[in-house]
Amino acid sequence: MKFLLLLLPSLISALGAYVVRPYRATVGWLNALLSLLSLGAALVFAGHAARGAEAPLFGPGELLRADGLSALLMVCVAAASTLTLTLSPGVGTETDYTHAQLRRYQILINLFIFSMLLAVSANNVAVMWVALEATTIFSALLIPLTRSKSSVEASWKYILIGSVGIALAFAGTVLGYFDFVALTGRAENALNWPALLQNAPAMHPEVMKLAFVFLLVGYGTKAGIAPMHTWKPDAYGEAPPALAALMSSALFAVAMYAILRWKIVADAAIKDHYADNLLLALGLLSLAIAAFSVAQSRNYKRMLAYSSVEHTGLICFGLGLGAAGVFAALLHLVNHTAAKSLMFFLAGDIERKYGSSAVKQTRGLLKVAPWTGGLFAAGLLALMGLPPFGMFISEFALFRAGFAQHHPWLMGAALLLLLVAFVSFITRLNNMLYGEAPAEVAAGETVGWRVAPMLLGALALVALGLTLPAPLETLLDQIMRSVSR
Amino acid sequence: MIGYLLEIGQALLALLLAPGLVGFIRAVKARLQGRRGAAPWQPYYDLRKLFGKEAVVSRNASWLFRFAPYLIFATTVAVTMLVPLVAAPLPFDAVGDLLMVVYLMLLGTFFLALAGLDPGTAFGGMGASREMTVAAIAEPTIALAVFGLAVGAGSTNLGRIVAQTLSHPGAVINPGHLLGFAALFIVTLAETGRLPVDNPATHLELTMIHEAMTLEYSGRYLALIEWAAALKLLVFFSLLANLFLPWGVATTLTPGGLSVAVIALMAKLALLGLAVALIETRIAKLRLFRVPELLGVSFVLALLSVTSSFLLR
Amino acid sequence: MNSNDAIFAQLATLCSSLVLLFGIALLWRRSLVAYVRAFRWQSLALALTFALIGYFGHNRELYVVAVILIVLKVVIIPGYLTRLYERVGGKREAQPYVNIATSLIISGLLVSLSYAITRPLVTVSKLPTRNGIPLAVGLILVGVFVIISRRKALSQIIGFLVLENGIALLAALGTYGIPLIVELGVFLDALMGFLVMQILVYQINDTFESIDVEQLSRLRH
C-alpha cells in the first residue's frame, strides 16, 4: 500500500500532464502537491527502517522492498523531486518556454521521477537495471527541450555514453547471475538482493571480480565517475535547470545506490579488498580530473558539473573505506542532494538574468540580485565543504575513516586536490559576486516567492552541519548494521 | 622405397593435372558467361606451343631473368612433394612441414618479383610492387590459417594434421576449422592471382599483377612460369581440400586406396574450380586500395581461428 | 561430456562465431546499407543461437525470446534504420577515425583480449556452451570500438545495437538466458532506447544539417 503511495503520484502526474492540452499552470501545481504524497510515503518507510523493523515487501515475486538503504534513497529522491516540481518552470513564475515545451517537460520529468523511485525500491536486480535505463531515456528526451544546437549535441553525447554504460552494467548483471546457474540451477527470485547476498559467499571470486568491474564501469558511467564522466559537463550545462538539478542530485544518488548494492554482494563473494581498491582508485581519479577541470572551466554551470564529479570521487572514496567510510559516504550523499538541487535552480535564474553562463560575463551578482547571489554563495561554500554546512561534517567523517583505515597518503592527496578545487571555486565565485554588473542587466530580484523553498533547503544544510539529527543517525546506523553483515 | 616412388608419382600427377585445372576453370567461366570457350585441355596445347618457341630475352636483363623461371618451377614442384595430395603421411614429411611449404612458396614469389624488376620495364616494376603488397599480408595468413589446425593436431606436419582430422570427424564444424578455411580461401584467391584480387585474363595496366611481372617472358621461360602458376593453383586447392575435408586421402599405400585418393582429389579440385569460376563471374575486381582491406579480413579470420583453437584446447 | 553435449557445444560455438563475424563485418564495410544488412544477419544468427540453446537446454522460454529477437531486430529496427538513412545524410560512412585495415587488426586483438579476460569464466562454467563466452565478450568490445571509431551518428547507433547483441549472446551462452519477464523488460528498454536515439538523430539533422559527429564539438570548457 505504501509502495503505491510512493510510486503512483508521479505516474498520475505524468498522465495528467499528457491529457491536459494545452498546458495549464494548475497541472504544475497539482504535480508538485502530488509529489508531497511520495515524500510522505518515503518518510514513513524511513521511520519504519530506523526503528529496525522488518523491511516491507510488495508485489509478485517480492518485486519491491524497502529496507534502510532504499528508504534513505527514497527520501533523498522524493525530497529533491518535490523541490524540483515546486520550482519548475511554468509553476506560477514567468518562463521562456512554450506551452508545448512545458507539457513535454511535465510528462517527461514525472516519468523520470517515477523510474528513479522504482529503481531504489526494486528488490530485483534486473528491475533496478530496467528502471535506470528508463531514466536515461527520459532524461535524454528532456535535455533538448529548446532544440538548440548545443542541447541536441549534449543530449546525443549523454544518451550514447549513458546507454553504453547501462549496457555494460547489464553485462555485469548477467555475469553476477552467472554463478547462480552454476550453483543453484535456475532458482525463483534468483535475481533478488537477499537471495544474491545469501548465495554470495559460495560464488566464484574471479567471476564476481569480472562482474564487478563491468558493473562499476556501467553504473559508474551513470554516476559520472571518471573517466566515464565526460557527458556530465555537457548534459548539466545544457539541460533545463530543473532537470539538471534533479539529475545532479537524485539520479546521481540512485546510481551510487546501485553501485553500493552490488558492492555489498561483491564483497561477500570476493572476500578481499578488490572492490574497495577499485573504488579508491576511481575516486582519486575523479577528484584529480575534477579539480583540474574546475581550474580550467569558464562556464559556471559546467563548473557545477565538475563539482559533481568531485563529490562523486569523494563518495567513491567513502564506499571504499569500510563501514565508517560508507556511513560518511551516505551522509555526504544526503548533503549533496540538498545542496546540488538548489544550486542548479540558482544557476538557471542567474543565466536568465545575465543572458549567458560564462563566468566572465557574470559580475556584480550581489548588487543586482542580493538574495540569489547570497544563496548561490551559500550553496557554493557548502559544496566546497566549509562549515557550518553539512558537507563539512561528512567530509570530516570521510577523512577520519580514511586515516583510520591506514591510507594516509591517499587522504593527503585527496586533501590537496580538494584545495586546488577550493581555490578555483573561490576565484570564480568572487568574480561573480563582486564587481560592476554589465549595463544591460536589469537590477532587481527575480526569484520572488521561490526564495522560500530554496531558503528551506539552505537551512536544512546548515542544520545537517550543526547537528546530526537523531532520526538520520539511527537510520544510518541501521544501514551500517545491514551492510556489514 | 615405395614411399619415395609415391612422392615422385605425386609430383608427376600434379604436373599433369595442373594445366587441366586451369583449363577447366576457364571453360566453366566461358560457359557461365554464355560463350563456348576453348576446350579444357587448351592449356596443354599452349604449353607445347610455348616450349617450341624461341625465347627472346631483353638486352637489359641479367642472369636472374633466365634463372628465375627454373627456380620458380623447382620450388613449386618441391612444394607438391610436401603437400598431402593423395596420401598422408609421406616420407618427405620429415624434411618439410607447414613452414617449409610457406617459405618455398614465398621464395618463388620473391624471385618472380625480382624477375619482374630485372629487365627494368615499367610494367614489371609496377607488377612487382603490387605483388609484394599482396604477399605481405597473404603469406602470414597462410601460416596462421593452417597453424590453427596445427594447434589442434599438435604438430605443424601437414600429414599429421590430415591424420588428426581424419580421426576426429566432428572437428570439421569447429569454428577454428571453418574460420581457417575461410581465411585460406581468400588467400588462395589472392596468391593465385584470381578475381577479386587480380584478373588472370587481362593485360591492362590498371588491373594486372601477376601478368605484369611475366610480361617480358617468352618461349620456354614463359611456359615454365605458366606451368608453375598452374601448379600453385593446384597446390592451394589441394591444401584447402585435404586439410579441411580430408576424406578420400589414402592413409595406407595400397593401389585401391591410392586410386580412390586420386579420384577424390580430382573431384575436390573440380568442385573448388567450380566455386572459383562462379566467384570470378559474380564478383568484380577490387580496386587496389581495397585489396589490403580484404586481406585484412582474411588475416583477422585466421587470427580468430588460431585463438579459438589455441585457447579451447 | 556425452556426444549430444559435444554436438551442442560445436553448434553453439559455430553460431556464436557467426554472430561475432557479422559484427566484425561492420569494421570492414563502408556503406550504411551494408551495416544494416550485417546487423540483420547478426540478429538472425543470434536468434538461431537462442533457439539452439532452447532446444538442447530444454528451455522453451528461449524460443519465445528468439521470436521476439527476430521481430524486433531483424524486422522492426532495421526498418527504422533504413528509413533513417534514407531521410538523413548520405549512404556512406565518411573516413572513419581509424582506417579499415587497422580497425580489422584491432578487432582481432580485441577478441584475443577477450579470450584472456574470460578465462576464469570458461574454467568455472560447466555448461556445454561455455566455449562461446569469449566470442560474446569479444563482440561487446568490438561494439564499443565501432562506437568510438565511427564518424556518423547512425554508425554509432548500429555499433550500440551490436553491443547489445553481444550482451544478449553472453546471457544466452553463460546462463542459458535470463528469466523471461526480465528479458521482455530488457527488449522493451532496448527498443525505447533505440527510438530515442532515432529521434535525436532527426533532431541533430534538423539543427546541424548533417549527422557527422565532428560537427558536434561546440561544447568545450
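As written, the chain order gives the labels A, B and C, with residue 1 at the start of each chain.
One rule holds for everything that comes next: a residue touches a chain if its C-beta (ideal position, glycine included) is under 8 Å from a C-beta of that chain, and two chains touch if they have at least 3 such contacts.
What you are looking at is a predicted structure, and each value in this text was computed from that prediction instead of being measured.
Note on connectivity: the fewest chain-to-chain touch steps from subunit A to subunit B number 2. When every chain is reduced to the mean of its C-alpha atoms, the one closest to the centre of the whole protein set is C.
Pairwise, the chains sharing the most contacting C-beta pairs are A-C.
Our note on geometry: subunit A versus subunit B, Cα centroid distance of 64 Å, whole angstroms. Look at where the CA atoms of subunit B average out and do the same for subunit C: the two points lie 36 Å apart. Centroids built from CA atoms put subunit C at 31 Å from subunit A. Subunit A makes touch with subunit C in their complex at residues 124, 126-127, 130, 133-134, 136-137, 140-141, 144, 147-150, 152-157, 159-160, 163-164, 167-168, 170-171, 174-175, 177-182, 186, 190-191, 204, 206-207, 209-210, 233-234, 237-238, 293, 296-299, 302.
Those residues of subunit B lying in contact with subunit C across their complex are 170, 173-175, 178-179, 292-293, 296-297, 299-301, 303-304, 307-308, 311-312. Those residues of subunit C that touch subunit B in the shared complex are 6-7, 10-11, 13-14, 16-17, 20-21, 24, 28, 100-101, 104-105, 107-108, 111-112, 115, 119, 131, 134-135.
Per the touch definition, subunit C reaches subunit A in the complex via residues 117-118, 120-121, 124-127, 140, 144, 147, 153, 156, 160, 163-164, 167, 170-171, 174-176, 178-179, 182, 185-186, 188-189, 192-193, 196-197, 199-201, 203-204, 206-208, 213, 216-219, 221.
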